[in-house]
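Multiple structures follow.
You will see chain A twice below: alongside chain B first, and alongside chain C after that.
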Partner chain A sequence: MVYRAVRACLDDASLTMPEIEAVVTASADLWDGKTASNIAITEAVGAVMKAETRISGDGLLALMHGAMMILSGHYQRVLVVAHGKCSEADVDAVSNWCFDPVYQQTLGVTDSQALSLQCQAIKMRAAEMTGEESIGALVRAPSWSDSCGLTVRQGDGACAVVIEAGDDGIVLEGFGYDLDAHYLGDRDLSRCDGLARAAKRAYEMAGLPDSQTDINRHYWSLRAALQLPPWAEAIGACSFIEGLATLPNERHQIQWSGLPPFAAGMQRLIAGVKDLRESPGSDRSLIHGCHGPAGQMQAVCLLHSDGGPC
Partner chain B sequence: MKARPVAIVGTGQTRHRKARPDVHQGEMVQEAVNLALLDADLSWDDIDAIVLTNMELFEGRALPDLWCSEFAGGLGKPVMKVATGGTSGTSGAIAGLLQAASGLFDTVLVVGWEKHSEGSTQTGMSLTDPAWDRHIAAGAIGNFALSISQYVAERGVTGEQAAMVAVKARRNGALNPNAHVKDAGITVEKVLASPMLAEPVHLLDMCPQSDGAAALIVVGGDKTRRYKNPAWFRGSATRHDQPYIGDHDKRMVMMRTLRSAAQEVYRKVGIGDPFKEIDIAEIYEPVSYAELAWYEALGFCAEGDAGKLIESGATQIGGDLPVNPSGGVLCSNPVGATGVIRVAEAARQLHLKAGDYQVDGARRALVSGYGVYTWSDVLFFSAERP
Partner chain C sequence: MQENNSEYLFSSITMDLSWNTDVGETMAGFFQRLKAERRLYGTRCSNCLRVYLPPRPVCGNCWQQMNDWVELGEQGTIVGKTVCYYEILDSMTGKPRTTPFVLGLIQIDGADTTLNHFVETPDPDHVSIGDRVETVLRDTLQGNVGDIVHFQWLGPPTTSSQGSKK
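What follows is the complex of A and B.
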């Protein structure tokens, strides 16, 4: 699975494996059921007798680390590979093991339950702000009114991209990441402060104001549609109430067909790159990635294209 | 693009032990972080980004960084976890150094930890590739014994020479208050009389499993100016290899990843004769025989001369090239932290803060990391600003 993604990426970039200086991978051991889950993919990512490091988390973090390797001046071209194969894991059990063992794990909390809590918090906030108890009356899509609303399926998948130093083509002009509080009770789940901080760092790095005026498309890797209004609010795209009424739309895209955990952010990045390639003029997109219960870890990348070939 | 100079200016370690039932993982992490901040005269607010290293299968916690990072001061900060088996700590240190060198962060905290007492390391080490290795994997010792047997046959090293490595380590460890295993009175005879685990590896040839954490403070830019003896990062190299046991002939004999990584680093920093030009080395030796093989791969001696090198005393504290004056992995081994400890101990030597095991005149230090039986990291630090 990983090799197919790497092969497709290298073919797309017209590169061969020897032309890659270093590899950064992203995966999570327990979701793969393996110790050091990059062991099984050393050859698939071409890391034999080469520098490889593995980020345990969403692939956008691996991309950012690869970018920092290049910015450090120590590397010029890095292959970034992310994979998730949760069909081989008991996701509920594994996600329970990622809660702290003192309080939350002992309650048996799972990732899905954390998501439900978050969606409930979002609904309550909407009701408080509008006085409307039925979220179905507020939101754009009627199907959002049940439980979590529409959820994005989790699946198996791998993604790969090559990044290199340079100013041409599609430029990664800013990125930021942030880890929010672990204890669900320590966070206002109806908001996303971690995403706001990650986006702020990305905007500052790109030299953009904390506004959305120059961003044409957003590629979200969220688990439930109800997360979108507060998360769009966190990046400064719109108010929470506006988001409830108008999202998703063409500027804010959700991958309904499914996302592989830990490769989700990279999948959204590749979708963004493909659209930018077809864009005739100057264009800018925001890519979102996250992992952890109720989006504890947040990541934002800003891509810019001047319309030139890539 | 010219690399931005960065340096390690603070380190902190727990007292590594067989078990730390008095603290949970997060509290153990916090101990090391607080000591590193104290050493660097910084507070949590001064940290711009954090790199964590840990092997989650050893404790059975999934993504433990999500929980433990708050104890490292990570709430609301950019945090990443690096996990590459035994090399996690050195890979995490490299990641932190490169992130600071990128110019995006001035001050980066690197924290590694492992709490083996809360899990089953044997199980964790056996959950390798499910198609091939998992059926024959049974932890580290048998795997080492295969490679060591070939190394002994090829190079002619003896059990006594390997035992000298174990003696050096445990006597050095006796000088290190953080070391888990320490034995000032250990002898070659005692090592050879210890139980045989897998021919030719005796119990005292092996590293322990420890509970412990270690932290580094990396700074770049103007932040380096206030420090008297920074450990300047001069270069690093990483080599991974395919890990299938049967596909590697002469794995330990040649250790091609370590050899290649060391050669790249020596080329980067202009080292022609490692034995003469390096003042101290902190290398990842999970078993006594490995240190002998690494002497050869790192170019400390000619191939086949590692036994003579340990016999000469040159790698003792006070010798020409002290290796693992801290006691090394044979004395402390909380896997996710072990590579961080190697870097921390090398930095402490350049900071002139190594106490009873300080190497006189230490100005150039080499670190190696080892993991997944074939993976290697090499890092080089100096007292001179690049």
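What follows is the complex of A and C.
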């Protein structure tokens, strides 16, 4: 699976493996059932005798690590690979083990329970702000009405991209990430302050204002549809209530068919790049990634295309 | 002065996690061939001709997918060894392994890489690098790594026991 992704990536970029200077991978030990989940893919990603780094988190963090390697001036071209294989693990059992070992883990809290608590918090916030007990009463878009109770399935997958120094084609013009509090009770789960801080860092790096109207498309790594209104609010795309009423729309791209954990952000990145390639003029997209219970870690990348060939 | 009645408090956790790890097409091919033919097979890179054992799907040096299977010999050479005097649990039996025992890096005839495995010998202190060993498989093969029980020490190489080198 990983080799096929890397092969497709290099073919797409018309590159050979010797032209790659360094490799950054993203994966999670617990999900893979290995104490170093990159050991099984060293050959597949071409990392033998190369500068290789592994990030235990969403693939967008690996992309940022690769970008920082290039910004350091020591590398010109970096391969970034992310994979997730939750089909081999008991996701609830594994995600319980990700919680702190003294309190939340002992209670048996799982990732899906955290997600459910977050969705309930979002519904309560909507009710408090509008007086409406039902989300459905706030929704204007029929398609949103049908899907706002959905969760996005987690599956297996691998993604690979090559990034290199330069300012032609599609440019990674900004990125930011943020880790919110681990304890679910330390956060207002109906908001996403971590995402707001991550987006702010990305906007500052790109020289953009915090309230965004220049971004044409947003590619989301959602776990549940109800996360979209507060998360769109966090990146400055709309208000919470406006988001509840009007989202999703063509500006907000969601992969309803499923996303692989830890490769999700990279999958969204590839989707964004493919759309930018087909965009005739100047265009800008926001890529979102996250991992952790109820989206504890948030990451944002900004892509810009001048419409030229890439 | 206040008496210190503090005590350590612990949170006891028992891990109960299990995974079903896909062995992958290549290791599945290895186990299937081992079970069907009682033979070890490696994969060969069509670029550098290196033969990998355990077989790997991709050559790490050439980043080339490997689809050529190579039948390997029953014997091999010890190219690295250590004698262990500290008792460990044998992961294949769950029981302590009698000490001392020899853990060796075995280059099976026809392979370029080595397998790490146990070397069965009456005298661990007399096992030397360069000595010859023979693969010992269990009677009823199951198609997993436990099929290789150990490598039996044969002694220093003789003209007749030298494996064919590529």
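Quick notes on this structure:
The criterion applied here is as follows: the second predicted complex is superposed on the first by the 301 of 310 C-alpha atoms of A that agree within 3 Å, B and C clash if a C-alpha of one lies under 4 Å from a C-alpha of the other, contacts with A are read in each partner's own complex, and residues count from 1 in each chain.
Here, a residue touches a chain if its C-beta (ideal position, glycine included) is under 8 Å from a C-beta of that chain, and two chains touch if they have at least 3 such contacts.
No experiment lies behind these values; they were computed from the predicted model shown.
After superposition onto chain A, the partners chain B and chain C occupy overlapping space and clash.
Applying the stated contact rule after C-alpha superposition, one finds that A:G33 touches each of chain B and chain C. In the superposed model, A:M17 lies in contact with chain C only, and not with chain B.
Once the two complexes are overlaid on the shared chain, A:W97 sits against chain B and chain C alike. Using the contact criterion defined above for the overlaid structures, shared-chain residue A:Y3 touches chain C, although it does not reach chain B. Contact with chain B, but none with chain C, is seen for A:R54 once the two complexes are overlaid on the shared chain.
Of the two partner chains placed by superposition, A:G174 touches none, neither chain B nor chain C.
In the overlay built on the shared chain, the residue A:T106 is in contact with chain C alone; chain B does not reach it. Looking at the shared chain after the overlay, A:P248 reaches neither chain B nor chain C. Mapped onto the common chain A, chain C and chain B collide along 80-88, the only clashing stretch among 62-70, 80-88 or 152-160.
On chain A, the surface touched by chain B in one complex and the surface touched by chain C in the other have residues 30, 33, 42-43, 48-49, 94, 97, 101-102 in common.
Of all residues in chain A, those touching chain C in their complex are 3, 17, 30, 32-33, 42-44, 46, 48-49, 85, 88-90, 93-94, 97, 101-102, 105-106. Against chain A, the residues of chain C that register as touching in their complex are 11, 13, 15-22, 56-61, 63, 65. Contact residues on chain A toward chain B in their complex (touch as defined above): 22, 28-31, 33-36, 38-40, 42-43, 47-57, 61, 64-65, 67-69, 71-74, 94-95, 97-102, 165, 176-182, 193-194, 197-198, 201, 205, 291-293, 296-297. Those residues of chain B whose C-beta lies close enough to touch chain A in the complex are 1-4, 24, 26, 55-58, 60-67, 69-70, 74-85, 91, 94-95, 98-99, 101-104, 124-130, 236-243, 256-257, 260, 371-372.
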